[in-house]
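I am attaching a structure below and will ask some questions about it afterwards.
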Amino acid sequence: MGSKQFLSDNAAAVHPRLWEAMRAADEPDAPYDGDAISQELDARFTELFGRECAALWVATGTAANCLALSTMVQPHGGVVCHEEAHIEVDEGGAPGFYLHGAKLLLAGGEGAKITPDGIAAVIDPIRDDVHQVQPHAISLTQASEYGRCYRPEELAAIGALAKERGLALHVDGARFGNAVAFLGCSPAEAVGPAEALSFGFVKNGGMSAEAIVFFDPDLADVARYRRKRAGHLQSKGRYLAAQIVAMLENDLWLDNARAANAAAAEIASSCGGRLMHPVEANELFVRCTAEEREALRAQGFGFYDWGSDAARFVTAWNSDPEAASALAKAIAAL
Amino acid sequence: MGSKQFLSDNAAAVHPRLWEAMRAADEPDAPYDGDAISQELDARFTELFGRECAALWVATGTAANCLALSTMVQPHGGVVCHEEAHIEVDEGGAPGFYLHGAKLLLAGGEGAKITPDGIAAVIDPIRDDVHQVQPHAISLTQASEYGRCYRPEELAAIGALAKERGLALHVDGARFGNAVAFLGCSPAEAVGPAEALSFGFVKNGGMSAEAIVFFDPDLADVARYRRKRAGHLQSKGRYLAAQIVAMLENDLWLDNARAANAAAAEIASSCGGRLMHPVEANELFVRCTAEEREALRAQGFGFYDWGSDAARFVTAWNSDPEAASALAKAIAAL
Amino acid sequence: MGSKQFLSDNAAAVHPRLWEAMRAADEPDAPYDGDAISQELDARFTELFGRECAALWVATGTAANCLALSTMVQPHGGVVCHEEAHIEVDEGGAPGFYLHGAKLLLAGGEGAKITPDGIAAVIDPIRDDVHQVQPHAISLTQASEYGRCYRPEELAAIGALAKERGLALHVDGARFGNAVAFLGCSPAEAVGPAEALSFGFVKNGGMSAEAIVFFDPDLADVARYRRKRAGHLQSKGRYLAAQIVAMLENDLWLDNARAANAAAAEIASSCGGRLMHPVEANELFVRCTAEEREALRAQGFGFYDWGSDAARFVTAWNSDPEAASALAKAIAAL
Amino acid sequence: MGSKQFLSDNAAAVHPRLWEAMRAADEPDAPYDGDAISQELDARFTELFGRECAALWVATGTAANCLALSTMVQPHGGVVCHEEAHIEVDEGGAPGFYLHGAKLLLAGGEGAKITPDGIAAVIDPIRDDVHQVQPHAISLTQASEYGRCYRPEELAAIGALAKERGLALHVDGARFGNAVAFLGCSPAEAVGPAEALSFGFVKNGGMSAEAIVFFDPDLADVARYRRKRAGHLQSKGRYLAAQIVAMLENDLWLDNARAANAAAAEIASSCGGRLMHPVEANELFVRCTAEEREALRAQGFGFYDWGSDAARFVTAWNSDPEAASALAKAIAAL
């Protein structure tokens, strides 16, 4: 039996096909994003999403999110997001840096998902008045920070509200592959009417490459300047582009995500009422006591405590199915 | 005969030993910089420099320079640097971003090297007055943007001035290896009394890892927050740390730099009065007409025009010695 | 009977003695803050607070608050404040601008007052981890946004917590005079162990001058650069300094505040259970229906709606006592 | 004989008609810029310039310049200005703050005036490349920092270049009145095809009010948010508006400027070859030795040294004609 680690997907090994692709990129080519592989990205994502895309690689999801938003939000504006959104709670203040002090305007919502009503509850009380920070954009996470997926109709409703209020829409897709795998829809349906998507690969078998996919090419033009200005334009960018192209090739990204989701589903099948959230991606939040967690750890399972009464398990593209089954049984036996 | 490309060192292939080290890092470990290899960096650099160091990996030289400076310069301050410094002319305004609008105060100096006199000429006229931006730090590039090296005594003199005026000192070492190889001194002597060094590896056979080496650990503590905030804390940081450790192992960085310098010296040997700058690292700035450049390109050599009357040749860790000899002959024959 | 306006104190007339002082300053003197009156401020506030002070004039409370905080908080840090603090809800994102993207960390607390427990509830869950914004300072408002005053012992407790956690303490004293008048203590007791106070005069009969009083002179040195950089160093600063000195002369600031408080107390005396908050300064938040508000307006009284079920009345230094009595009677008769 | 002070116009007394206007504004009105006088500004400037204007008051020229530019320049862009422009040398880094790190791109030019050729020399070498900061706007000073005036045809030429290159145009008019008085043209002709003008009043007899006049109302909409965010929205804004309206009433601004210019011309008439710059406004830069300066000071004249070989004299709206004549004679007698 393989690894019993379910700590996180963000430290998993790199997929062999990405290693091959990176090695194949070892031949010298133009620096920065002038190489042949980087130049291929726009077309690849255009094909994937069925509409014109302009795509930039960056090394982290934080950079992807913040650069994307920096093209949509003026420094005196704000971004509506969930109060448990990654940009709010887990990026070390990066939005404040990249957006030059623009503000995050926090909405509630079950499962870390925002809703049209929740958004309206935040922005409706804001007078069009210079004393109050005005919303310029909305950001949502697909799948959410609790592994919950927005259905296409939910995205359409949020997009309609955004359009009505003149707000841009950004999707943080750190686990976008897991969402598409769960929803069983097209990538286009899973992103909805957004202006930009942070398409995550690192948590899905990548090494160091995420894509910012812009559905509005004018925003990409701004992002290219901002990426360099943020020190994120790597000179050997072809190694990042190679990872992304390898991921898109034959839908490796989707296969990897399906594998992670399957392992999560296997574990979930035994959790019953212990689940704090329905499992719609590759994260499980499971109620259990400190003693129960100790018992699981004694069996070799690795995971994080989630507060004092729960545990978080995250599966990855290379989670061992037997280990997932073993964990499922161990939880059932608690 | 191998590649006749002398365009730049920043797009060269990755050294095989770095590939090995990265593959060896494929085992899961703690995310971010919590992994064993990242945790090793402080000790490695402490050993190399013979004094206490705290080191952080980042993906680019621009990020390294700007994060280092962000620990030394308040937003209302300024950084004295050469008017042709990389931070001034080639980083897309990144210092303005990372330093929150602090100003670069530009000094002259032959060969893109600053001098105590040149620095004094910039800062002496600045009244201690709120109407004028006050200097907080000095940044110099070792080797300089024209491939010139600061001698240890030059660094000591600049360091003494910095100390006298209460300014911090930063060294941009994008080609630090080439400088150490040329100077034949210790790394400590080649960096002088600086608070921080951007130690470049990407131009020297790396893929995506530079080190910010802090000689003042308090600054490193600030830099760690700033790195995350800038989206430069990669979750699989062990792949960056692995590159750096492989570079330090058995002084691979120095061997690589020596190879590049040797190729440059070979070419330089035939350039005579054409050289715009003495060749002290791996860059050559060679006076030649458009027709001469055409003739060289017709022979398969790759390089950049440098204005209308010169060419820039850059050698790399893997420059082919035969190609360098061939280029030397071709220049001699012009 | 005089004006029946109780809309706000921030648009009231300027006190005659300030007009006299400004006219007396019409003689040319050194520009900026080099004039004799500006130079007098440190000594005046040192005398008032009984400890060494360094004071800067600025034109607005927003500038005072944000400049003060900019000396205490790094761009990657945060400021703990009440979720209804003026800096959070009413300054158009100015803290994000002045603090270069630092974050406001929001605490609850009755009457818009923060407490040690409330502060701890915010900062205790913050891991010392680069993924989370770390607190650098605390800001509280004396009197609070609901006209509530911190008692000296409450300030001491918050100050002790701040010291224990290594946080600086800032007091927004937009209505500091009203607080001192209510508390009947010394100014020093009313500000507690803070590093800086935004001492408001505009709402208290001033025209365009607030003071930032630093109890740590090193912070004032930084603030002077930041004030110029923010475009707040007026060239004819003597007219601002003159307002402040006139206010301090014979405790005019305290007399003005007492007059405003007295008018508020008179109105409060008839409000009984309608009061949403005890009246400890010059603001009244009074439950009343839309019909009741209409009835009051029909009698000529001016005030703002406070949501749908209440009204806000604010008295000023020149509120007419008869009008206050009339309003009290009118409310009693509702 | 009156004051022999020719130190600066920025500390002169306030014109009596402005005092009257401010006192007349003492009646309560809506706070911020909601009062009747502030609301009048757009129409007043529209009338003065003969095209649609939107105008905002602020307290300082630095704030006016930087707020105006903040509506035209993205944080990753740059502003072309003269290397001796006030925004570059004398605003304590305010542009870096307000423009979030955007860069000033410095052009030469005689008398601190930029020219189409000088601008082209700065921007033509900038590749459209993310490594280099791209120009977004041009800023010029009318009258220049050496008291030189741009002729309407010079403004038209710069404006044509700006339009051709897609750059916005800003005019720093700290001494705009002096320029109009000298040029004898209309205000519209003296500002040329700019998007915004910082219309200075403080140096021309005002106390604390400058106007940002936007010829593009969309930019004004942005500036209003930025003004609040910068802490420049004073609550009793009517006192600033009153100053401006009083200045515009019966062209007081022009009368004041003419008086200052006349005094400067009187002094200039005796300076002959000593003048470093033609006198086209109210500043004189006069070559003279330290001994000569001492001699003038011994006669009671006040002025600043300008380097070691010259003196700067500045006249003001209230410069005493007899004192100007006396100074002229004293210089002639040197």
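Letters A, B, C and D mark the chains in the order given here, with residues in each chain numbered from 1 onward.
The definition used in the following text is that contacts are C-beta pairs under 8 Å (C-beta built on N, C-alpha and C of every residue); 3 or more make two chains touch, one makes a residue touch a chain.
Since the structure is predicted, the reported quantities are computational estimates derived from the model, not experimental observations.
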item	value
Greatest separation from chain D - chain, by CA centre	A
B-C compared against A-C, more contacting pairs	A-C
Centre-to-centre distance between chain B and chain A (centres being mean Cα positions), rounded to whole Å	34
Chain A and chain C, separation of their C-alpha mean positions in angstrom	43
Euclidean distance of C-alpha centroids - chain B vs chain C, Å	50
Where chain B touches two or more other chains at once, by residue number	75-76, 91-93, 96-97, 100, 130-131, 225, 228-229, 233
Partner chain D, residues of chain C touching it in the complex	3, 5, 8, 10-14, 19, 22-23, 26-31, 35, 58-60, 62-64, 66-67, 91-94, 96-98, 202-203, 207-208, 225, 228-236, 238-240
List of chain A residues in touch with chain C within their complex	75-76, 78, 89-93, 95-97, 99-103, 130-133
Of chain A, residues touching chain D in the complex	32, 74-76, 100, 130-131, 134, 222, 224-229, 233
